[in-house]
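Each chain carries a letter (A, B and C) given by its place in the written order, and its residues are counted from 1.
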Amino acid sequence: MSTQTNRLAARLMVAPSVILLFIWMIVPLAMTLYFSFRLYRLLTPERTGWVGFNNYIWFLNSPDFWLAIWNTLALVGGVLIITVVLGTLIALLIDQPVKGQGVLRILVIAPFFVMPPVAASIWENLFMHPQNGLFAAIARGFGAQPILFLEQYPMPSVIGIVAWEWLPFATLILLTALQSLSSEQLEAAEMDGAGSFSRFRHIILPHLTRAITAVILIQTIFLLGIFGEIYTTTQGGPGSASTTLPYMIFKQAIVAKDIGRAAAGGIIAVILANIVAVFLMRGLGKNLDA
Amino acid sequence: MGKINLRNVAKRFGEVAVIPDINLDIEDGEFVVFVGPSGCGKSTLLRLIAGLEDVSDGVIQIDGVNATDLPPAKRGLAMVFQSYALYPHMSVRKNISFPLKMAGLDQAEIDRKVEGAAKVLNLTNYLDRRPGQLSGGQRQRVAIGRAIVREPKAFLFDEPLSNLDAALRVNMRIEISELHQSLKTTMIYVTHDQVEAMTMADKIVVLNAGRIEQVGSPLELYRSPANTFVAGFIGSPKMNLIDGAEAQKHGAATIGVRPEHIDLSTTGGLWQGTVGLSEHLGSDTFLRVTVEGVGMLTVRASGEVDVHHGDTVWLTPHAGKLHRFGADGKAIG
Amino acid sequence: MARAQSPRRRLLMTLAAWSVALLIFFPVLWMVITSFKTEASAVASPPEFLSADWTLENYAEVWARSDYPRFFWNSVVISIGSTLLGLAVAIPAAWAMAFVPAKRTKDLLMWMLSTKMMPAVAVMIPLYLVFQRTGLFDTKIGLVLALMLMNLPIIVWMLYTYFREIPGEILEAARMDGAGLWNEILHVLTPMAIPGIASTMLLNVILAWNEAFWTITLTTTKAAPLSAFIASFSAPQGLFYAKLSAASAMAIAPILILGWFSQKQLVRGLTFGAVK
């Protein structure tokens, strides 16, 4: 099938994509690396020079940085746990012979298609707002004080918003995997005397392992870069309470306009992403090669 | 028209030589069947002739012209695929017209040829349907129509009947044979079913692990198999092959006798045995008889036979129908 | 899972499933309801439902603002533009990888997917500066390019999986029928690939429309799409709750509708084949 001319044509056709992605990834990465070792502030562009690892040291010495790392991991971990556990339960629920399954799916999946700023806006204004939000109204109805969600519990609030956005994704993937499980397997187990919980533990859960692995891997990739929700609601605050690593770098670049520092932060983010990737691949990679 | 010669043709996939070395001549107008077990290389050989794969070594000549480096379109051959490979988004008419459109014929000419092919294959009423709306047999005919319309030097069939049910297979077999009678074009037909091979071929090429075991007419292969492989492959049920002491009595490493060439008797004969399983088809009865010192033999008895499990019977092979094979598997004498 | 269950269990399950689904969907529902209230009604405490004042004027007013239609149009241009550009680059690549596979093809595909794992903040700084210097900052074309590159791995991947599902024998039949490479692509491959291309396009328009990093960092006012607009104006000083809800509803409506059709594509496109 592959003759010589075919092979050459094929190389030419793949080339543009490869070149573009290469430029998109390698060139900026190299530039970021370069900037990270330099003094470069947009407000005082005349002051330049080589500063070695100073920018990195600034980060490592900054308490905000460690808080940001913690917040990032909390965001990823928190959302993963909520979406996988609830996603599995909801998928199991919807997979039952219930009426109107089609509409149920639409309702459950809808939040994933709401753009992050709108999702954040809904929760911030309509629910969490201390004066006009629904939660405040409910609290007042019980005679209690409204909780200042975004002020007192900024990170949990952000985690909650992002979890709401990504729950549909996990549910949909797990539901799809669930529906590919042949009912014959479950029927055989039932004939072998397995009860509901046993069937879940020994047949359904192993079958879902691959899907859960996929959900965790893919969500982690996206969750490490969550931005819009934080930008819309807390802007990383109060102070730095809800600042994640990406948001911290954004602030350094756009607000403080310190390119050198932001670049160092960017490289640190790459290192962090690679570490997470290694852990994930080692822990979960084997589940995917089926 | 339609003469194909293969000289020292070989095909390797990486280190594996799927076809080590093949020499074959196909005459104009012959119906040649490549037959053999799965993985013997028969489809690969067909695809080499078609030009869908490149040869690793050797020369393929079509009508005396070296076609080894020609792309499929330029070889003047037409292929009918096992899955028919019809274009799902085109109507039957467009499917059959496609090769003509590629050849640059004008529309009037194309329409004429398509109508002609449709009439021969009884497709006139289906010309505007899509493949998805046709039955298996109809799709087969469209695939054949697409091939006929090109007026090729030879037709290549790659296990075309495998996807059809048994009854349809018998009908299509007859149709393809009749097509060959009327067109008189060379046809190369690949199948693993030796019944198809026996009933349709002028010449059968038996392949095994990329090598030609024997080439000959159906009856030649039936009467004089060149080795134990061909002997065991052609003929249904399989020829009984016996080695050991009994074979040595006849001066061979292995002897063979076909089930239909054994006489069954309840009184006396050469070999005494016990009846095991029996299959009663009405027209024939097939018995499995275990003979002490020889093994288990399959015997065909005509009509209905009153013999049961556990009975003692005597088997005698017909004179002159005993095949002898040497230690290397090749026929002796 | 079609077992005959007791009617009571079915009812219980149905109630549970619907409760959960409505709970999850409620925020969206509440936003839509709020968008049809007057501002006074929207902030009334306790929250009004049946007793609220209903109006359509929020939608009219938001739309009449001189900038909202512009943001909407920016979203349309950027999401469709980046997807079409991505398809133009990706279709030949996916064709080559699906039909003329080389030893390195799988590795190449994995590399492309891995570029998506690069944290955006790492490449943001140079791109921000380059965009400023080259005048691409705050332009639609700049965003089209950025989003195209961001989604390219997914587009290539999805097309690759769809192309691989086209039976190779049909393309061989075309070759035997005399079709050269160009004819093969034009008359046989593309028509058979159109459903796959449409699915890929659908998912990527959705992903581009909802994108909320590059659309915020690389724009200010002129090229800002709806994501940037809503993000900047969410603490309503300019907009009030009912109008914010109306603006938000219009911003997500197209994607909610498209999303309904794209569930299968979502599973295929975003799980990279791990789930079928």
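Annotations
In this text, a residue touches a chain if its C-beta (ideal position, glycine included) is under 8 Å from a C-beta of that chain, and two chains touch if they have at least 3 such contacts.
From a predicted model like this one, the values you see are computed outputs, not experimental measurements.
Touch-path distance (fewest steps) from chain A to chain C is 1. When you average the Cα atoms of each chain and compare centres, the chain farthest from chain B turns out to be A. Relative to the whole-protein C-alpha centroid, the nearest chain centroid is that of C.
Computed from the mean C-alpha positions, the centre of chain A lies at a distance of 16 Å from the centre of chain C. Spacing of chain A relative to chain B, judged by their CA centroids, is 59 angstrom.
Chain C has its Cα centroid 54 Å from the Cα centroid of chain B. Contact with two or more other chains is made by residues 1 of chain A. Residues of chain C in contact with at least two other chains: 172.
Shown for chain B are the residues that touch two or more other chains, namely 52, 71. Taken together, the chain C residues at the contact with chain A in this complex read 1-3, 5, 10, 13-14, 16-18, 20-22, 24-25, 27-28, 30-31, 34, 42-43, 45-47, 89-90, 92-93, 95-97, 99-102, 108, 112, 115-130, 149, 152-153, 156, 168, 172, 181, 206, 209-210, 212-213, 216-217, 226-228, 230-231, 234-236, 241, 244-245, 248, 251-252, 255-256, 258-260, 263, 266-267, 270-272, 274-276.
Those residues of chain C that touch chain B in the shared complex are 167, 169-170, 172-180, 183, 187-188, 191-192.
If you check the complex, the residues on chain A that touch chain C are 1-2, 6-7, 9-11, 13-14, 16-18, 20-21, 24-25, 27-29, 31-32, 35, 90, 93-100, 104-127, 131-132, 134, 136-137, 140-141, 164, 167-169, 172-173, 176-177, 180, 183, 186, 210-211, 213-215, 217-218, 221, 224-225, 227-229, 231-233, 245-246, 249-250, 253-254, 259, 262-263, 265-267, 269-270, 272-273, 277, 288. Chain contact summary for the complex, chain B toward chain C: residues 50-52, 71-73, 77-79, 81-83, 85-89, 98-99, 102-103, 146, 150.
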